[in-house]
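I'd like to ask you about the structure that follows.
Labels for the chains are A, B, C, D and E, by order of writing; each one numbers its residues from 1.
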Amino acid sequence: MSINQQLFGEPGSVKRPIVFLIIALIISTLIAPSFLSGRNIDALLVSSSFLIVLTVGESLVIMTGMIDLGVQSIMASAGMFVAFLTVLHGFPAITALPLTIIAGAVVGWIVGLLVTKGRIPSFIVTLGTYWGLKGVALLFNGGNYISPNNGLFNFSSLANNTLGISNLLLITFFIIIIGQIMLSATPLGIWLKSLGSNEAAAKTVGLRIDSLKILVFIISGILAALAGIMIAAWQGSIYPTTGSGYSLQAIAAVILGGIPFSGGRGSVIGAAIGALIIGLIDDLIVLLGLPSLYEYIFVAVILVIAGFQARSRGVVK
Amino acid sequence: MSINQQLFGEPGSVKRPIVFLIIALIISTLIAPSFLSGRNIDALLVSSSFLIVLTVGESLVIMTGMIDLGVQSIMASAGMFVAFLTVLHGFPAITALPLTIIAGAVVGWIVGLLVTKGRIPSFIVTLGTYWGLKGVALLFNGGNYISPNNGLFNFSSLANNTLGISNLLLITFFIIIIGQIMLSATPLGIWLKSLGSNEAAAKTVGLRIDSLKILVFIISGILAALAGIMIAAWQGSIYPTTGSGYSLQAIAAVILGGIPFSGGRGSVIGAAIGALIIGLIDDLIVLLGLPSLYEYIFVAVILVIAGFQARSRGVVK
Amino acid sequence: MSTPNQSRTETPLLSLRHLKKSFGPVHAVNDVSLDIYSGEVIGLVGDNAAGKSTFLSLLTGYNLMDSGEIYYKGRPVTVKSPRSSRQELKIEMIYQNLSLAPDLPIWQNLFLGEEITFAGIFNNRRRMINESQRVVRELNAKANPTDLVGTLSGGEQQLVAIARALLFSRELIIMDEPTAAISVAKIDEVLKLIRHLKAQGKSVLLVSHRLEDILTVADRIVVFAHGKIKQIMENRNISLEDLVHAMFDRTPEEEVKDVH
Amino acid sequence: MSTPNQSRTETPLLSLRHLKKSFGPVHAVNDVSLDIYSGEVIGLVGDNAAGKSTFLSLLTGYNLMDSGEIYYKGRPVTVKSPRSSRQELKIEMIYQNLSLAPDLPIWQNLFLGEEITFAGIFNNRRRMINESQRVVRELNAKANPTDLVGTLSGGEQQLVAIARALLFSRELIIMDEPTAAISVAKIDEVLKLIRHLKAQGKSVLLVSHRLEDILTVADRIVVFAHGKIKQIMENRNISLEDLVHAMFDRTPEEEVKDVH
Amino acid sequence: GCGNSPTNTSQPANNKSLVYFIFTGYAAPYFAPMAQAVQQAAKYYPNLTIKIVDANGSASQEITDIKEAVANNAKGIILNPVNGSVTAAAQQAMKQGVPVVAIDRDVNSTTARDVFIGDNDKELGYLQTHYALQYLTNHNIPTPWHVAILQGTLGSSTAIDRLAGAMKALQPYITNGKVKIVLNQSANFETSTAQTIMSEFLAKDSNVQLVIASNDAMALGALTALKNAGIQAGKTTYVVGADAQPQSLTAVANGTQLDTVTHSPFVEAYWAVEAMDNILQYHTLPPKNFDHGDVIIPMTLVTKANVSKIAGWGTPQTVPPLPYGHATSHAVASS
């Protein structure tokens, strides 16, 4: 217990997921030596970047004790929307990208309003966006995907490299840093945590509870929209059903990263590492060339092992 | 507010989902007159029965403040397992069914152990069963489905009628009643609620917290296994991917039924009605024959409307 | 008896008129009117469930009143939320059930919603910790500003709640049983503090079951019973017995009957 | 000074030897030994954060001790959980932070874990409600047994916690500041109750900052400071001043230094 | 515009037959044109009212949809099965007098539908693979060839059969040591999954000569992954797919993708509607020369040589008539 604690740090601290990640990386390298190649790390990071960006938004939502199931559908519909604007209707990237981000913000704003003013549990409202935006994604091109055949993906340079590093990684990195600074160095971060820790306390000191809740959904919406743009640029085409399963993965990443479901504690970096751990599991399956029938079982076992570092000393739910 | 309250009853009371269901039924009949036909109601109830059985288990888990994402995979793998035993290996139903139920219980027991003794959050552990049992379901017949072509579904009489009512409905009804009685008329019910309401309090009075948590996962596992047997009997064949999406739906049903994510309040009947409302939404889509591109949006809108009755006066998360 | 005291001529800091609040069949606050003047300490006493905390919650906006009016320096004011109450009525309150976030350290709890920043954006962590240290020591608490509030002893949590009111003392400080969990020596500190606030011209509304304390610091004593003000007494030569008598001058049987 | 009282010859109900509990660097309970005899009332006093609640938590199994031994009627016993403490040490405790489930009605809270049943399976709801009604009235609380605990006033919640101990009173009843939130009239009821328990041969361990109450009911008074027993006094002709002096006979500066 | 008008006499509007089209959903890009085509085809059959139901990729959902369609007095069901677990439900519908026409993916029993309209997926898998193997042989690419296989959604008949077809073509090469399978995973018929799997795989081992993707969506993901890994597709590594997805036709024309196979969703959909009309109006089923009632639509292997003549999804300008019954050809409305 004490050795475990010394090595891994306090429950809920960033140290835990970091140490776990390092151990996981070492083991991965041992069982699949090609793992540590620069190119594989690059592939792993880039293909995890969408999930990481979603996870940063999700971590803030869960930090306040709520949940956002809709991120994957916001991502898919934003990807379709940006392609609809640029590819199908010739908008320049300079207007299409901000419009898409704004659309993500508007979705978050509506979700926030329904949760706060409508007093509907966030699980239900965001299950609504999960379904509804899945539908919206279909509408942009009559259920069809959008590809360079339909026009020009004028924003695809987002997926290029700058100084040898993918822009997608730079964006992701930037967002993690901003998110972590916001959380740990600004009043806003304290407010969000206080909401999760004791909403009544946050209310009594006069925090604008409703605005804060709306804000986290807006942030989550914006980041999900950004992830949608990123994945469209990366694929060079976009499908209305892109990203299915990402919501669940983002939530799992947050919990693996040490934020409890009830909120109040944890870090953005931890959550991002949680997402990386999930990406790593997928990567290992490919590297090990597991027979596909055993894939899922492998995922489950690794996930539960990873879960051990997310254990907490207090109440476990 | 007051009219709303008079009509719908207190937040969290069973009255709410019941009244909502009745209103939904009336509207459904008005917009799709064929809705009220005996055959349609029967089809609706029978095809909702699997979700309802899962939801009863899920409601107990959420009542204690935890979550079970694994129910759909337990259901699928149990369905494969019972077919594996009976169809592929000629076990008589009388041994195969209990064995399957026991297998469900064992899964629940392991989940419970990992959550309580392993102190891993239930979201992660059950995401593990969600993935892992998906994989296990594939193994029973090398990734293939099991159908009457492979042998005899000797338990398919489960899906027959007794006195004109489907046995599946009778089983479902029985389970709802037992669950509700357990919750509202036995000490066990009080204990489970107290866990969700204030785990520390439950601990101080000397309740066996860990055993209770393990127990709800065992119950959830048993009911999910039963749902797997039921769906195999109903389909007359079973696929390893059966029931995808059911976990999310079961959780949504619980919340729609008035149980908050933090647990402590609510009823089994409410949750079962929540499941019926979800079944109803699907049924309406078929009845109305909406253009398929708009289906998802329709689901979202109805879901959010249904969510209004699950709103609560206290903290909304 | 429950009409506001008319003897003063200055405009009250706060005038409360006919406040009402019910929870279902329970009339927790039932037509309460009271004037609160600047620089006075009002003691609020009454049996359990008399409606004291509910009454205070109407002023702080934690509960919304069913009917009634509130005037701030003569001007009518609507209290819609704790936020609007803080802004419009300049109230700081110490809650009975300790409104603290257990997962946050003391300093974050103390400055919650009132953070000191650099450039309006970043937490001035050092300064907030130092200030917290100062005020916590002032109250003789031992805890460190970076301790998580959830790990403090019952009394130390209460001291943190009091310290908050100290940091941002406003025109009216409401204290709902601030000394229930703290040790004798520290109670004196709190009473000293109340007198200090009064000396600064601030008003204090103090709810306590420690009648000795009320008799020590209050200028006026308001006796609550069954959601109403039963009596308002100037605190001159009142004995503990007088006060207890004023609070409980009915037989328990009568009280039971009165519940509904 | 902190060695157990050796004057009695009978076997103590509970003997505690060298109990220790630290939270990180904080030695909350630091080598505490005490004997508790049947039929005695022990008053436990001490400054905030002295370690009183933590000490009690080791007896009830809510926290697990780092080291030390517990003997029940001379027999060594290991306390692994609140459950084992209830079974092995026959303790009933009223917690300072009110361990109640807010979403459940009073009667379910009162009988939680000790439900009266038909056929060992079904709740005997009627009987539990009636019993609850009786004991709640005995304590002069107004609430109805079917009210949700979360909607009660602070003092009434505390009365519910006390009522629980009454219903299942065991050999040792531990009360951590049971009267902090309740009104004067009711405090007398609680003190009466403690005397009644003693008369039945039960032991009571009472923590309170209301020293008057301690002086009224305690047979022995244990003074805690910095996680240690500083003094154990027989409660004979002790004045309030004596007691306060025993608790705080160092200057505040010395106390601050002593924290680490 | 439309071609020849349908031969049936119009019926009173209130006597229209309610037909459900229940399909997998938009899980793969292939299904959107199929759903559009069903709607277009419906215009030629005014006596049919077609309701379109999306099963959201879930077989249980689809079973429920089938049962509810029957309960709501459907006169017929055009079924695109998610997978074979919907067989029993389809069979039950047939027993209750509701004819079923399976499209694109088949159910597991010929008694669970009257007609199957679709391609021969074993054949498809064989075609796409066989062409590639010959191409490699002809261009003297040194053996052993490392082959990566990206399967479709586990459990669907199209994934199972295409894999089987591909393996049939590969088998002799594996036996004589010319082919080594280095990756064989499901990418779920999805571009992003294929791209992720391939990038991670290529980071480990960039020595791949052939990528066999069971559809074009996955082939496209593989192409992007190759490009990002600095590997020139069409030069050292060859990628094959299926569906004639528009973007893939461009890739074939550019020479980055080696081949694809058409099995037009338009033709499938038009024929399925017509087959249903045949059953409901004329009680006509496929004659005996159609084994088990399978109406196999023609496939075309698309390579650089013929790509210029192929439209996206292999959609013809005129849909040829269903090879039995009363139908005539229909011009395809521009979508």
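Just so it is clear, contacts are C-beta pairs under 8 Å (C-beta built on N, C-alpha and C of every residue); 3 or more make two chains touch, one makes a residue touch a chain.
The chain lineup, named per UniProt: A, B = Autoinducer 2 import system permease protein LsrC; C, D = Simple sugar transport system ATP-binding protein.
Because the structure is a prediction, the values reported are computed rather than measured.
Chemist: Tell me, which chains sit next to both chain C and chain D?
Modeler: Touching chain C and chain D alike: no chains returned.
Chemist: Can you identify which chains form the pair with the largest number of contacting C-beta pairs?
Modeler: If you count contacting C-beta pairs, the leading pair is A-B.
Chemist: Chain A and chain B share one sequence, so how far apart are they rotationally when you fit their Cα atoms? Give it in degrees, rounded to a multiple of 5.
Modeler: Angle of rotation between the two copies: 180 degrees.
Chemist: When the centre of a chain is set as the mean of its C-alpha atoms, what distance in Å lies between chain A and chain D?
Modeler: From the centre of chain A to the centre of chain D is 48 Å.
Chemist: At what distance in angstrom does the C-alpha mean of chain E lie from that of chain C?
Modeler: Distance between chain centres: 73 Å.
Chemist: If you average the CA atoms of chain A and of chain B, how many Å lie between those two points?
Modeler: 28
Chemist: Where in chain D do residues touch two or more other chains at once?
Modeler: In chain D, the residues touching two or more other chains are 97.
Chemist: Which chain A residues reach two or more other chains?
Modeler: 138, 142-143, 200, 295
Chemist: At which residue positions does chain E touch at least two other chains?
Modeler: Where chain E meets two or more other chains at a single residue, that happens at 35, 154.
Chemist: All pairs of touching chains, please: list them by chain label.
Modeler: A-B, A-C, A-E, B-D, B-E, C-D
Chemist: Contact residues on chain E for chain B in the complex?
Modeler: 20, 23, 35, 49, 51-54, 56-61, 63-65, 67-73, 83-89, 91, 108-109, 154-155
Chemist: Mind listing the chain D positions that touch chain C in their complex?
Modeler: Listed in rising order, the residues of chain D that touch chain C are 23, 46-50, 53-54, 96-97, 137, 140-143, 151-156, 159, 177, 180-187, 209, 211, 244, 247-248, 252, 255-256, 259.
Chemist: Enumerate the contact residues on chain C facing chain A in the complex.
Modeler: Contacts found on chain C: 60, 62, 81-83, 85-87, 93, 95, 97, 99-104, 108-109, 111-115, 117, 121-123, 125, 164.
Chemist: Tell me, which parts of chain B touch chain D in their complex?
Modeler: 185-187, 190-191, 193-194, 196-198, 200-208, 264-265
Chemist: Hey, which residues of chain B end up touching chain E in the complex?
Modeler: Chain B residues touching chain E: 34, 37, 39-40, 42-44, 46-47, 50, 138, 143-145, 147, 149, 231, 234-246, 279, 282-283, 285-287, 289, 291-292, 295-296.
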